[in-house]
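These are the structures, in C-alpha cells.
Both complexes shown next keep subunit A, but they swap its partner, so subunit B is in the first and subunit C is in the second.
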Partner chain A sequence: MSDVGIVRGCKIPKDLYYSVDDHTWVRLNDDGTVTVGMTDVAQNLAGPVLHAKVKKVGLTRAKGKPIGTVESAKWVGPIKTPVSGEIVAVNEKLADDPQLLNRDPYGEGWVVKMKPTNWDEEVQELQTGEEAVQKYQEKVEREDIKACEHVE
Partner chain B sequence: MEDLEGKKILVIQTHGVDTPTRTYSPVYYAIAAAAMEMDVMIWFTMNGTNQLRKGEAEKIELKPGSGVTLKTLLDQALDAGVKLSVCQQSMDLWDMKPEDLIDGVKILGATSIIDLALEADHVMYF
Partner chain C sequence: MNFDINSTPLDLTGEKYKDVPYEEKVRLMNEVKEDVRFHDVLYGCYECGVCVAACPSARFYDFSPRVIAQAMAREDAELVYTLMNDSIWDCSQCFSCDRCPRGNSPGGLITLMREVAVKNGLETAKEALEGYGRIIYKIMSTGTQVSPDMLQPNAFPDWGHHVNEIADNLDLWRRALPPETLHTVETGWSVSEKTIIELYLIWHMTGVMDMIKEIDEGLFMILQDVMEERLEDAGYDVTFDE
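Now for the complex of A and B:
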C-alpha cells in the first residue's frame, strides 16, 4: 500500500478518496469502476461487526443512499455510498466473515464495486491525500473519537 | 433488501426504566429498520413513557462499563430518522409535562396511534 496517514492510530491511505463525514472511502480502478468501503475509523467506532448486509448487483444508488448495513453489539447503521452509480459487484465474503470489515477495511473488507455515473463532479466533494488525513484529524478531535484498536 | 425502502414500521414500547433490560432492543430494531431505509416510528406508552423524561435514559447502561446508555440509543434513533412519539394520556400517568420530555419527541393521542397502526406495513410491540 502506498503512503498511509495515521489519525489516532487509525489508518488513512492517501491514495484513496474519502467522504469523511460518512466514514467511507473510494478507490478509482483502472477500468473506470470504483471500489467503496468503510474506513478504519468507522470499523473502530462500530466495534466487532456481527452482521453485514450488502445491496444487490444491478441496483443504482444515488450518492448518500445506503449500499448496505452493518451491525455490531452496540451500533447498527447504513453504509452510505459517497458516489452515485450502479453496483456491479458486492463482496460476498462479508456475509460469512463480516469482521473482514474490522481486520482489513481497505482490502479484503471492501463493500461494493460501482460504475459511477457522476464521478467527475462528485469527486470534487471527496478528500484525498494529505487533505483527507487533515480533515479526518479535525473530525476525530472535534468529536473526540477514540483511538483505533485493530482486531487480528 | 431492495423492496424495503419506504415501508412503514411502527414499534410500540410499553416497557420503561423499571425494566431496563426490556428497553434496548425495540430502539435497536427501530434504528436497524431506519438504516434499511424504512419509515420508522416508536410509540412509547404505558411504562414505556417514563424513559423519555429528561435525565432518565442516561441512567440505564446497556452493559456495565460500556458507556453506552439508553440515551445513546435514543439519540442514534433520532439521528437515523426514527420518529419518537409518546402517548399523551400515559404522560399524565407519570406526572410528566411536555417540558419534561427529551427533545425530538412528538406527543400524540390515542386516535393517532390507531391511524398509524392501520397505515403501517408492520407493527412490532414490546
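Now for the complex of A and C:
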C-alpha cells in the first residue's frame, strides 16, 4: 500500500480521494469506474456496525445522496456518495459481515463501485494526498473527534 | 451505591445563555404559548410541590416540574430558555405530575417545549436526541418496535454489567420467551402494507419528517429514501421537501 497519513490514530491513505465532511473515500479504478467506501474515522465514530444496507446495482445516484445505510448500536445514518453516477457493483459481503466496514474500511469493507457521470468536475471538490490528511486533521480537531483504536 | 448519575447542577443564573438575544427567547416562549394545547396544560401554580414529590426524574436529576410550570406561568423568558435547553430532556414523560391540584400538566407543558426546541433545531435538542437516531429509524421505517439486536452493551452502559451476558445470548433469550409473544421478529413484528403506508403518510402530512430534518439530516435522508420508494410502489406521488 502506498503512503498512509495518520490523523488521531485513524488511517488516511494518500492515494484516495476524500469527501472529508461526509467521511467517504473514492478510488479511481483502471476501467474508469470508482470504488466508494467509508473512512477509518467514520467507522470509528459509528462503532461496531450491526447492519449495512447497500443500494442496488443499476441505480443512479446524484452526489450527496445515500448509497447505503449503516447502523451501529447507537447510530444510524447514510453513506453519502461523493460522486454522481450509476452503481455498477455492490459489496455483497457487507450484508453478512457488516463489521468489514470496521476491520478494513479501505479494502474488504468497500461499499459500491460506480460509473461516475461527472468525475472531472466533481473530483475538484474532493481532497487527496497530503491535502486530504491536512483537511481531516483540521476537522478532527475542530469537532474533537475521538481517536481511532484498531483491534488487529 | 451512588445514584447521583447526573451531578451537574442546573445553571439558573442565566449566565450560560446571556449572549442569546432576549427577543429570541421571547419568540420561543411565545411559540410554546401559541400551541393550541397550551391552555390545557397550564392553569396556574401555587407551588405546592405535589408534582415534584411524584416526579421520578426529580429524584435523580437537578430537575423540577414545578420550576417549569412556574417559569411559564410567570412568562420568565430567560428562565424558560434555560429550561428549554438544559432541563426538559431530563423528563421521562411519565406524567406522574398530572396529579396537580390545579389541573396543570407539567409533563404536557414539557411536550410542547420539546416540540418547539426540535422545530427550531436547538443544539441541546440535537445532543439530547443524538442517541435515539437508530430507535427513530427502526420505529418509523418498520412501523413497529425497536429491533431486538439493539440491546448492545455499548448502547446502554447505564443498564449495568449484566447487559453483556444478555447481549451475548440474545437469540437464545428471544427463543425462550413464552410462545404467545410470538418470539420471532418476522411474525410478531410484521406490519400490514396498509398500516405502514398510512403511517408514512401521517408522518409526511403532520410535519414529523420536517422536524426530523431539522434535528438530524442524515436520519431524514435515509427515512426519506425508504418512505418515498414504498409510497411510490403503493401508487402515491409523494416527495418529501428537500
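As a convention for this text, the second predicted complex is superposed on the first by the 150 of 152 C-alpha atoms of A that agree within 3 Å, B and C clash if a C-alpha of one lies under 4 Å from a C-alpha of the other, contacts with A are read in each partner's own complex, and residues count from 1 in each chain.
One rule holds for everything that comes next: a residue touches a chain if its C-beta (ideal position, glycine included) is under 8 Å from a C-beta of that chain, and two chains touch if they have at least 3 such contacts.
Since this is a predicted model, take the numbers as computed values, not measurements.
Aligning the two structures on subunit A places subunit B and subunit C in clashing positions. Of the two partner chains placed around the shared chain by superposition, neither subunit B nor subunit C is touched by A:Val123. In the superposed model, A:Leu59 makes contact with subunit B only, not with subunit C. Of the two partner chains placed around the shared chain by superposition, subunit B and subunit C are both touched by A:Thr69. After overlaying the two complexes on the shared chain, residue contacts for A:Pro48 are found with subunit C alone; subunit B is out of touch. In the overlay built on the shared chain, the residue A:Gly77 is in contact with subunit B and with subunit C. Applying the stated contact rule after C-alpha superposition, one finds that A:Leu28 touches neither subunit B nor subunit C. By the touch criterion defined above, A:Val88 lies against neither subunit B nor subunit C after alignment on the C-alpha atoms of chain A. The clash between subunit C and subunit B in the overlaid arrangement falls on one stretch of those listed (8-16, 44-52, 134-142 or 170-178), that is 134-142.
The intersection of subunit A residues touching subunit B with those touching subunit C, taken from the two complexes, comprises 65-66, 69, 71, 74-78.
By the touch criterion stated above, subunit C contacts subunit A in their complex at residues 131, 133-134, 137, 149-150, 152-155, 218-219, 221-222, 225. Of all the residues in subunit B, the ones that touch subunit A in their complex are 1-2, 28, 31-32, 35-37, 62, 66, 68, 76, 80.
On the subunit A side of its complex with subunit B, the touching residues are 53, 55-56, 59, 65-66, 69, 71, 74-78. Listed in rising order, the residues of subunit A touching subunit C in the complex are 47-48, 50, 65-66, 69, 71-78, 80.
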